[in-house]
Amino acid sequence: MDGGLRGVDHRSQAISNGPMFSLSELASLVGGEVVGPEDTVVSGIAPFDSAGPGDITLAAGAKYLRSLETCPAAAAIVPRHADSPAKPLLRVENPRLAFALILDRFTRQPFDPLGISPLASIGRDCRIAERVSIHPFVALGRNVVVEEEVTVGPGTSVGDDCRIGRGSTLHANVTLYPGVRLGANVVIHSGTVIGADGFGYVFDGTRQVKIAQTGCVEIGDEVEIGANCCVDRATFGATVIERHVKMDNLVHIGHNCRIGENTIIVGCVGVSGSVEIGRNCVVAGQAGFADHVKVGDGAKIYARAAVFKDVPSGGEVSGVPAQDNRRELKMQAALRRLPEWMERRRRSGE
Amino acid sequence: MDGGLRGVDHRSQAISNGPMFSLSELASLVGGEVVGPEDTVVSGIAPFDSAGPGDITLAAGAKYLRSLETCPAAAAIVPRHADSPAKPLLRVENPRLAFALILDRFTRQPFDPLGISPLASIGRDCRIAERVSIHPFVALGRNVVVEEEVTVGPGTSVGDDCRIGRGSTLHANVTLYPGVRLGANVVIHSGTVIGADGFGYVFDGTRQVKIAQTGCVEIGDEVEIGANCCVDRATFGATVIERHVKMDNLVHIGHNCRIGENTIIVGCVGVSGSVEIGRNCVVAGQAGFADHVKVGDGAKIYARAAVFKDVPSGGEVSGVPAQDNRRELKMQAALRRLPEWMERRRRSGE
Amino acid sequence: MDGGLRGVDHRSQAISNGPMFSLSELASLVGGEVVGPEDTVVSGIAPFDSAGPGDITLAAGAKYLRSLETCPAAAAIVPRHADSPAKPLLRVENPRLAFALILDRFTRQPFDPLGISPLASIGRDCRIAERVSIHPFVALGRNVVVEEEVTVGPGTSVGDDCRIGRGSTLHANVTLYPGVRLGANVVIHSGTVIGADGFGYVFDGTRQVKIAQTGCVEIGDEVEIGANCCVDRATFGATVIERHVKMDNLVHIGHNCRIGENTIIVGCVGVSGSVEIGRNCVVAGQAGFADHVKVGDGAKIYARAAVFKDVPSGGEVSGVPAQDNRRELKMQAALRRLPEWMERRRRSGE
C-alpha cells in the first residue's frame, strides 16, 4: 500500500530500475534546452552527492557546476545561462522545479486499483467508484461517496456523509468525521483527524457548557496534509482549506478557519478558531495564531511567530507578539546589545 | 457513526429540519424572559449573519441589536436589559450561554445503540452493558468494563483492565493503554492516546535506562479531550484529569500530572511531568510547563507562556519565562521602545 | 495487550504481587552494598511517599534520609555514603539508576507470544518469526519482516518492505509507511507515524509542485518513540534515528534528519528537514530547529529554544533565536530590569 517505493534503490539513493528518458524528452517536459547530445538517455535521477552513471542530477549552484567533471552522473539540470564541458546539460529557468518535475516523472506510478478489501466495513448507501483501493480495516460510514482512483489506507475511518474526490489518497489510520468533503487529488497522511469538534465552551458559573459544533470541513483539490494534523469542523458553516494548500505534520487548524490557495503551513503550527489566512502565504514552523486574526495574501509568517493581530497582504511578521519582521530584527539586535549597554552606563556612573 | 450531523443544513448554516420550540419553552430552558408573543415558534438556531426565517439567533452586542430589523430570524436571544421592536426577544443573563444551551437542545440526539459490531474484537472477561455502540475494528483487551450508552468508534483500541463510564464516547482511532479509567460522559476525540508511558530515563553512563511506568490514568466525568492529544500514565499512582476539564487538540499531558476541575486547555499545550494545575484555570494555546510546577485555582496562563515556576491562585502569567502578565506587558512595551531609545542616546553623544 | 500492568496495585502505588528478592540479590543486580541484614526480603518497590511494608524505596536526598524512620518500607536505596539506623540500606553510586533497574526487575514480564491474530491482514511474501504477538486489525503490507518476540498492537499498519527487529513493540494504532526499518528492541507508542513524506515543494508560479519523497527511515536498536510523533522519510537516502535515542510525545522529525545515539528529545519538539543532532544531547520541550542545522555531541537545547544556527559539541543554548545559555540568561536579566531602567532615566531628565 501507500505506493511510491517501487523502483527505488535506497543504497544508491537513485531512482533507477524504472523507465528511461532522453534529454530531449525531459527538456520538453520541463521547458528546457539541451546542451550536448539530445539523445543522451538517463535511467534515474539523484542528488549531486549520490548520483551514479545513468542518472540525471541537479547542479544549481556555482559550487556544483565546478564539480560536474567529477560527478559520475550522465547529465545535469543547470540554470539557464550555466555552461560546462563536463557533460550534457539540461538548461532550465528553475532548476529545482525541473528536478521536482523529472523526479515525479520517474517515480509516479499508474493507479493500480485493489478494489474493496473484504476486510473493510462499508456502511449503507455508499457510492464507491469502480477503480479504487480500499484497504483492510477501513470503516466507511453511511452515505459516503468515493470517486475514481481513490486510495483509502488500512485502519482509516470515514464518517457518514463524507465525500472523497477523484484521485485522492487517505493514508493509513486517518480519521474523517461525518460530513467532511475532500476535492480531487487530495492527500491526507496518517494519523490526521479532519472534522473533530471545534473547541467552544461557555462557563455557566459551575461548569463548561459545550457549544455544539454543527458545521463541516471542506478541503480543495490538490491539498496535501501531513501526519497527525487536526482540522476541526466549523461551529456553523465550514472550515475551508482551499486548493493547493500544503500542510506539514502536527498542524492544528481550528474551527471556521479559511486557509487560502497555495498557502504552505510548516510543522507544528497552531491556528485558533475563525482565522483567515490568504493565498500564497508561507507560515513557518511552530507559529501560532490567535482567534479571528486575518492574514492577507502573500504574507510570510516566520518560525515561532505568535500572530495576535491582522497581517496585511505581503506582510512579513515575526516575534511574540508578531510584528513587522524588520522591526522585530531591529528589536532583537538592540536586545542582544542590552547587557553591555547597561553595563557600560553603569560603569560610566550614570 | 460519531453522530451530530443529522438535521443540519450546511447551506443555510441553520439547524432546522428537527424539532420546533416555542419561545416560552426556550425561556424556561435557559431561565430567560420573553418579550413579545410567547408562542412564537422557532424551528432552528443560527448565528446572526446566517439566520433564516424560523430561526432564533444571537444578538448579544449593540451592533447586532441595531441590525435586528434586517435580520430575517424569527426571534433573538438578547442581554437582560436589551430592547428592540424588530422581533420577539428572549432576554437572558448570559446570551452566549443561552445560545449554547438552545443549540444543544436542537442538536442533541437520543443515544441509538448499534450493539457490538461483529467486526469488533472483544477480549475475555469484558463486561459490556446492553445499550452500547461498538463499531467495527474496535479492539477491547481483557477485563474491560463498558457501561451503558457508551460509543466506541471504528479502529479504537482499549487495553486490558480499562473502564469506560456511562455515556462516554471514544471517537475513531483512539487508543487507551491498559488500566485507563474514564468517568461518565467523557468524550475523547480521534487519534488521542491515553496512558502511554511517561517519559522517564536515567543515564547509566553508556545508555538511557528506562524507568518503568507502572501507574495509570484517571479521567473524571464530563471531560472532553480533543484530537491527537496524549495523556501519559503515571510512573507510580495516577495521572488525573478531574471532571469537566476540556482540552483542545494536540495537547500533551505528562506523567503524574493533575489537572483540576473545569480547567480549559487550548491547543498545542505541552505539560511536563508531575505538574499540578488547579481548578477553573485557562491555559491558552502553545503554552508549556516545566516539570513539577504548581498552578493555583483560577489562574490564567496566556498563549505561548513558558511556565517554569509556580503560579499562585488567580495569577495571570505570560512570556518566556512566564511572569505576572502586567509585568510582562510593561517589559514588552519597554522592549519595543528599545531600538529608538538606544538610537536617541547614541545620537545625543552618550 | 501492551503489558505492564499485571502485578501492579494502584491503590498502594507499589509493585507487589509478583516476585520477591533479597537485598543481596538486588545489590548484585545494581552493583551496590547492603548495610544491615543481607537476607532482608522485599516484595515490591515504591516511591518514598507511598511505600508500604515489604517494599524497597528510594531515599536519595537528605530530607528523605532523615524521614526513613517513619517510612514503613522494608529497605531503602541510598547514596554511597549515606547512613541510617532506621532500616536496611542498599548503598549505590546512583540511587535513581538503581531504583530504575530494580523497578525493571520487578515489572519486566517474559515475552508471551500470542501468535498472529486471525483478525490481522498479512500481505504476501511476509516473513514472520515464530514467537510474535500480532494483534487484531493489524495490516502488514507485502514483504514485511517481523523478527522474534515482536509485538504489533491492534490497528497498527505496517507498509510494504518494512523490517521490525527482534524484541520490538509497536503499540496500537501506529503507522509505518513502506520501507521503514526498525532495529532490535524498538518501542513505538500509539499514534506515531514513521515514514510519511518529507515536506518539500517548489512553487512554479501558479502552484506548489511536490518533490517526491523517495527515501526511507532507519531506526536503531533500543530506540523508544512516544505517542503521536512523526518521523518523516528522506527525500533521498534515509532519515536516521540512531540507537538508544528516546523521544517523548508529539515530536516531529523532518526528512533527512539524523539523531545521534542516546539523545533525549522531550515532548512537542519540532525538527525541520536535514537537521543533524549529535550523540548524548538533550533537547528540552517545545524546542525547534531550522532546516540544515547541525548540533554537536553532548549539547543541551533548553526548553522552547529556537535553533537557527549550528550548536557546537557540548554547547548549551536557549532563547529565540537560540544563543549560548549564559548569554541568554544575562540578556533576560537585563530585559527584566529594562522597564525600571528606562523609567529611572526618564525621571532623571535624560
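Should a chain be cited, it is by its letter among A, B and C, assigned in written order, with residues numbered from 1 in that chain.
Rule of thumb we're sticking to: a contact is a pair of C-beta atoms (placed from the backbone, for glycine too) under 8 Å apart; a residue touches a chain by one contact, two chains touch by 3 or more.
Keep in mind it's a predicted model, so treat the numbers as computed, not measured.
Where chain A touches chain B, the two copies mostly use different residue numbers: shared numbers make up under half of all numbers in play. Rotation angle relating chain B to chain C: 120°, from a CA superposition, given to the nearest 5.
For the pair chain A and chain B, the distance between C-alpha centroids works out to 28 Å.
In chain C, the residues touching two or more other chains are 137, 155, 173, 191, 228, 250, 268, 286, 320, 335, 338. The residues of chain C lying in touch with chain B in their complex are 1-5, 8, 10, 13-15, 46-47, 50, 94, 96-97, 99-101, 103-104, 106-108, 117, 119, 135-137, 153-155, 171-173, 189-191, 222, 224, 226-228, 244, 246, 248-250, 262, 264, 266-268, 285-286, 303-304, 320, 332, 335-336, 338-339, 342, 350. Contact residues of chain C toward chain A in the complex are 121, 137, 139, 141, 155-157, 159-161, 173, 175, 177-179, 191-193, 196-197, 199-204, 206-216, 228-230, 232, 235-238, 250, 252, 254, 268, 270, 272, 286, 288, 290, 306, 308, 320-321, 323, 330-331, 333-335, 337-338, 341, 345.
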